[in-house]
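I have a structure I would like to understand better, so I am pasting it below and will then ask my questions one at a time.
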Amino acid sequence: MKKKSMSPASRSAFINYGIVIVAFVVVQILLGQGMVSNSLQSLLVPVCCYIVMAVSLNLTVGVLGELSLGHAGFMSLGAFSGIIVSFALQDIIAFGPLRLVISIVVGAIIGGIGGVLVGVPVLRLRGDYLAIVTLAFGEIIKNVIMVLYVGLDENGLHFATNQSNLNMSYEGVAIIKGPMGAVGVTRLATFTAGFILVLLTLIIVQNLVNSRSGRAILALRDNRIAAESVGISVTKYKLMAFVTSAALAGAAGALFGLNYSSTMATRFDFNTSILILVFVVLGGLGSIRGSMIAAALLYILPEMLRNFAISEYRMLIYAVILILVMLFTNNPQLKDLISKVIPKGKKKGGEANG
Amino acid sequence: MTFLSHLITGLSLGSIYAIIALGYTMVYGIAKMLNFAHGDVIMVGAYVCFFAVTGFALPPLVGILLAIILCTILGVVIERLAYKPLRQAASLTVLITAIGVSYFLQNGAQILWSASPKSFPTNFFNIGESKGITLFDGGLTISYVAIVTILLCLVIMAALTFFTGKTKMGKAMRACSENKAASQLMGINVNSTISMTFAIGSALAAVAGVLMCSAYPTLMPTTGALPGIKAFTAAVFGGIGSIPGAFIGGILLGLIETFTKAYITTNLSDAVVFAVLIIVLLVKPAGLLGKYVPEKV
Amino acid sequence: MAKFHFEKGHMVPVPSHSIIPERDLGNVPVLECSHLGIQFGGLKAVDDFNLTIGRTEIAGLIGPNGAGKTTVFNLLTKVYQPTMGTILLNGQDTSGKDTAHINRMGIARTFQNIRLFNNLSVEDNVKIGLHNHNRYSMASGVLRLPSFWKQEKAAHERAMELLSIFHMEDLADHKAGSLPYGAQRRLEIVRALATDPSLLLLDEPAAGMNPSETAELMENIVKIRDTFQIAVMLIEHDMNLVMGICEGICVLNFGRIIAKGTSKEIQENPAVIEAYLGRKKEG
């Protein structure tokens, strides 16, 4: 084993770490040179969040092979719990980065708990139930947070379904105001924090996949009945993948929530879940690197297109490209056509860009 | 009296969901795909009718017919261009393509007709100046829209049951949803059967779009999205792939939503609807009328 | 971990009491089915199935198509929960257990329509079979703690050792789905063996093989039994194979056992002949 060179899986994992580190360093240098526009700078933290979302969703959809249509719901849980924690600790811990770390950890835990609540009853069912239930779950979370009021005063946290019921003292501050969402949030998130979270996510997901547990999860995806026949507990490993994925989404949510001074629950709706799913599918199911690259490119490109004359058409173009990529990468005849027109080496790059 | 009025509101909302859900469930049954663009066909239908009536001053009935025709064509074209080439592909691929189509329709509508909401005419089903039947000395008003919606839903349901049960095309549809390869060997034209299914589903979506906007008159490019998701929920609720299931699922969903709004909480009605869905699925994994097919080993 | 002495290249049968004590007791049969049955709707797919298999026996389960042979395997492995009867595995009741648990209790199987983890490498397929024998927690996997490295090394070595039974070490890095048909069938057996079963169920292991491959397979099945000291039960239509290596044969027709015995007894049994060839028309 020691003599043998690195396995293909670990080599690929280390290339991914390399890509992330190089990207971070390059961006830092560009930032130092003042070569990054303000609008692009504002995208740095969200891009990190979406990369974490895509990589973690890939764990559910690509590695476990279960469709989730409510990944943004876990992000939402993480975002709002992170915001509440960061508020609550404001007077206790003055050091911002530490508060950020605690918020992210709490976000991950709450996201994970959400994952357990959805996963335990649903994952034992066979079929596409996870898709429907996660969709429903995401809508429920959005709906509940939209009527939730949370306030903080010297007596602690107050929860209610409208502002007057919060019963706070004169000093009290409302953190979450129902449909308006969280307001007056101290923006703790930084690009460095985003970079570290991406790196941690990669370590967790890749090490999990390349381990005994990961093999069990992959086995369930490839052939559930055969996996059971060799003694793999279906529920345990489905839950492991799903909860890990939800917890990472919660962490990404906390970072995302603490990147804006105000956040509404509608930010984490069905469309967001779908957006992340699109990243995962276009990046390639099960391909961590694909998810990373697709998330970064597909998040930044439409935002950049805002500044051009075609901005009105950008989402229309996005839709057309999405359909065409699906057709050209999955229809046998069109696939043949492509491989005739474009030599093989270039095709891969084309797919990743699309 | 208020209970009766809520019941009728619930039934009429449920009928709209049921009409949309029927389209969802038929397409799922035959193409085994979640057509997430279905909700947006509703929106297109409503816009077509809106412009026919307000822009070209056509009579409402012509507007509705125009909406049905255009949506039918739209549905068939979408199937031919976007879904047919992917018939052998993984279901996730088709799902993403459907999402692409949904984005396309929404953003196309936004460019063509702008994002600002239009207020849909609500007088289509009025008789003279009267908006509805007033009963119990004004204690209860039943709008004509509600009556038409409920009756139309029943008619559609009966027609579809007859169609799939008795006609040659309907039987071909059921055969294709069981086994496409075998149907082809039996001389059924699978392609035209699937096109037919999309045509019927899209025509129903157009009808639902007009009915929905007559009752809830705000028309925007995203108007179809949430009803689409809810109708999908209704289809799953009743047992996806089952026509009576979609009908029952839709009606129940409308009733649950309306009664939750009336008696429990206005803001959390969606949460309640989806929570009920989850509970139903946990108890009856195949939905109310769906059948559970065990995997062969 | 290593319960069996096993050298690369040539196998050494070791029925040593100190290494595998419970398997050599010989007094408790590996499998005892009594009145086992399942009903789908009104149809009794398997009914009143009674069978005992000894610790190192090779047993054959034969019968015409649709007789319910694979259903018996599915009942034994709890892919279907039996509606009637009991199954004792190494003397332990298996009622209420699921498929994964049954495997941990000692039954491993292959499938009539091959079920490999097609997108994973041959080595990973075997390692998945070793799942319950190279244990370390999810945390040590994610954090790459020493137990991860130790167990992964052991799993790799054991996987290679098992693959050498069929001389498949060179294929370790290939995708399982890309293997030729015969190699896929062999890999399924290796994967099943990796779970360290006391009873190995083979569902049509020779299907699609030519006579020379079948002959080799027969040798290998006997070799596996001798090396691992386990019981083997197989479903097979190739009568040369069944009659050649099975010490006990059980014939199933319409879900019921119509005959049990040695190959000679089965060949002469009129009920069996009738089931396979049909009844002679009277008059």
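Chains: A, B and C, in written order; residue numbering restarts at 1 for each.
The definition used in the following text is that a contact is a pair of C-beta atoms (placed from the backbone, for glycine too) under 8 Å apart; a residue touches a chain by one contact, two chains touch by 3 or more.
Just so you know, these numbers come straight off a predicted model, no measurement behind them.
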Chain whose mean Cα position lies farthest from subunit C: B
Chain nearest the overall Cα centroid: A
Separation of mean Cα positions, subunit B and subunit A [Å, integer]: 31
Intercentroid distance (Cα basis), subunit C paired with subunit A, Å: 43
For subunit B paired with subunit C, centre-to-centre distance based on mean C-alpha positions, whole Å: 51
For subunit B, residues that touch 2 or more chains besides their own: 297
Subunit C: positions in contact with at least two other chains: 79, 111
Residue list for subunit A, restricted to those that touch at least two other chains: 225
Of all residues in subunit A, those that touch subunit C in their complex: 1, 203-204, 207-208, 211-216, 218-219, 222-223, 225-234, 240
Subunit C to subunit A touching residues, read off their complex: 77, 79, 98-101, 103-104, 108-109, 111, 115-120, 124, 127-129, 131-132, 134-136, 138, 141-144, 148, 151-153, 155-157, 191-192, 194-195
Subunit B contact footprint on subunit A (complex, rising order): 61, 67, 121-122, 125-127, 129, 131-133, 135-137, 139-140, 143-144, 146-147, 161, 225, 270, 274, 277-278, 281-282, 285, 312-313, 315-316, 318-320, 322-323, 326-327, 330-334
Complex contacts: residues of subunit B adjacent to subunit A: 34, 82, 85-86, 88-90, 92-93, 95-97, 99-104, 106-108, 110-111, 225, 229, 233, 236, 265, 267-268, 270-271, 274-275, 277-278, 281-282, 285, 295, 297
